[in-house]
Amino acid sequence: MSEQEQSLFAAPPMGEQERMVEAILFASTEPVTVAELRSRMPHGCDPAEALAYLRKRYEGRGVHVVKVGDAFAFRTAADLGFLMSRETVETRKLSRAAIETLAIIAYHQPVTRTEIEEIRGVAVSRGTIDLLMELEWIRFGRRRMTPGRPVTFVVTDSFLDHFGLESARDLPGIKELRAAGLLDSRPSPMAPPSEDEDEPQPGQSELFED
Amino acid sequence: MSEQEQSLFAAPPMGEQERMVEAILFASTEPVTVAELRSRMPHGCDPAEALAYLRKRYEGRGVHVVKVGDAFAFRTAADLGFLMSRETVETRKLSRAAIETLAIIAYHQPVTRTEIEEIRGVAVSRGTIDLLMELEWIRFGRRRMTPGRPVTFVVTDSFLDHFGLESARDLPGIKELRAAGLLDSRPSPMAPPSEDEDEPQPGQSELFED
Amino acid sequence: MAEQDDWIEAERNATAERLAAEALIVDVDGFEGPLDLLLTLSRTQKVDLRRISVLQLAEQYLAFINRAASLRIELAADYLVMAAWLAFLKSRLLLPPEPGEAGPSAEDLAAHLAFQLERLQAMREAAARLMGRDQLARDFFARGLPEGISLHRKVTYDASLLDLMRAYARLRTKDEFRPFVLDRKHVFTMEQALERMRGLIGYVGEWADLQSFLPDGWDVSPMARRSATAAHFAAILEMAKRGQVAIRQSETFAPIQIRRGPE
């Protein structure tokens, strides 16, 4: 086999693969998964390894490679945010109820509406869930396998992207909260004043199973 | 003047200035001029010099700093253009008829065309079914064991994948939609009912039966 | 002299306390439910939530509710439900348990309430920390100029789960929003009634209630009955004008009676 023929079938050198990943990530505003990188790069490439080199190369630069769920994206370094006032998108100010509901979904996911209400001690208003869905920060998760099969809510990858989190496991303070038992769905010893039909589930402790 | 006071007014080190230019060029929606860089960076910076360093740094990389008129921007390297072909997929919103048909199939599967028409109150056009098939969101299910043995439609795994569902059973019910505020008790002013109300044509359904 | 200072001091403290309580009351709309109010009240105990006195908290809450009542401030029902429950809990905490009493102990209930407060507080803090993080498009940024120029142009269609659910919700509730159309199914016209009565009147030699002439099936719904009654009444007036029937009514709202006319 001639040398040229061989090179036709061999994967490009790693330095070249790194350039490819760099170009693809740069071109996209949305995070790109490793699977998508692989499907777009020539046969035989190892985008995961190329990504590792690329992340290292951009450490400490003005833009970084960040991980969002299973995907990767370039984002500007947070310490340079002050330069970007022109780029800032004025976002709607979230109500306290919306912020708390979002936090409860993030930390307790998958979580049912009843559980959110039990934690906050008030009914979740219709607009709140609607708004968080519209922002694409939450979505419906798997139904709970309990009587009534209530729907659950979980946070999305856009949520992770927005708050610069690799995964829900990286939520600030989540380990401490779990260790303190504050993420348990502790059954109330008696139906307390808030009416909750579905019994708290023991199965819920598998938080963040992936 | 004390040393500290001096440092308060001195320009940031060149490495830092380079990071700033990098972040600004990356995040900006348009090419940026040197004058604009200067106005956005701290007093005393030399954006032209920082730019020169930055261009050098990106030489041979997967993205370059290019000059566009008087301004500068990042562009992916020309030799990697073949990687960008998939970037150009034009996405359109599904028509209302298509999304309603899809919703009915998802909620009622397996469902026959006649049943879809009964629920929508209008005939289902052939194009709608074809489109949903082409998107690989629906497929034929088992034939119904009733006179005429009509074909049924079911949703596919790529449907579940696209909509982030574990199974079609995880779709929220009407009660849950209402609770989530997705179902207003008033007709939405954004969705006038007359939009595609083709005449109800009960007789037309067998047109598409095979 | 010193005594007087003490007295003034005490007076001042009492005033401050009263003002604080009133400020709390005025702010009642600002509370997100009874649990939020309890959490606010618990801060006055100035202890770790794990060592909170639930008994004292129950008393504070009940005092708050009483005060609101005396100021004629309307409280939402769930505040009153919580008050009733706390009053119950308080009595359980104060009285020795009845022998053989089933169900959870007062201590369990109190511990659970303390847990709920601690958990709410923890979620508040978590929410604050979350919102304090660097955020996309505020502190860090995505590529401002995504590239997408290519010769290959492929059209694909997209929809979100939200679109899907809204579409389904719209379909399923379509009937609720039917545009207004006259309900002809339940309208009995005067022409129909006239036709009917002409056929029937020949058989009415004695006084008979108009009601008994209403067609079958038109007395099931109020709407149908009203329409049929009105149509038949108009019809007999017409027939009376022509002398075909005689009409009488003994008093206002009494049944209307008819019989064959004198002609």
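The letters A, B and C name the chains in turn, as written, and every chain counts its residues from 1.
Criterion: a contact is a pair of C-beta atoms (placed from the backbone, for glycine too) under 8 Å apart; a residue touches a chain by one contact, two chains touch by 3 or more.
Not measured: the values here are computed from a predicted model.
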Touching both subunit A and subunit B (chains): C
Farthest-lying chain, centroid of Cα atoms versus that of subunit B: C
Distance between chain centroids, defined by C-alpha means - subunit A, subunit B (Å): 17
Distance from the mean Cα position of subunit C to that of subunit B, given in whole angstrom: 37
For subunit B, write out the residues touching at least two other chains, lowest number first. 23, 26-29, 74, 76, 84, 86-87, 164-165, 171-172, 178, 182
Note: subunit C residues in touch with at least two other chains are 141-144, 146-148, 160-162
Listed in rising order, the residues of subunit A that touch subunit C in the complex are 26-30, 73-78, 81, 84, 87-89, 91, 94, 96-97, 99-100, 102-104, 106-107, 118-122, 133-134, 136, 139-140, 161-165, 171-174, 177, 180, 182, 186, 188-190, 192-194
Note: in the complex, subunit B contacts subunit A through residues 18-24, 26-29, 40-41, 61-63, 74, 76-77, 80, 83-84, 86-87, 164-166, 169-172, 176, 178-182
Can you check the complex and tell me which residues of subunit C touch subunit B? 141-174, 176-177, 179
Give the list of subunit C residues in touch with subunit A in this complex. 32-36, 78, 81-82, 84-85, 103-105, 108-109, 112-113, 115-116, 118-120, 122-127, 129-131, 133-144, 146-148, 160-162
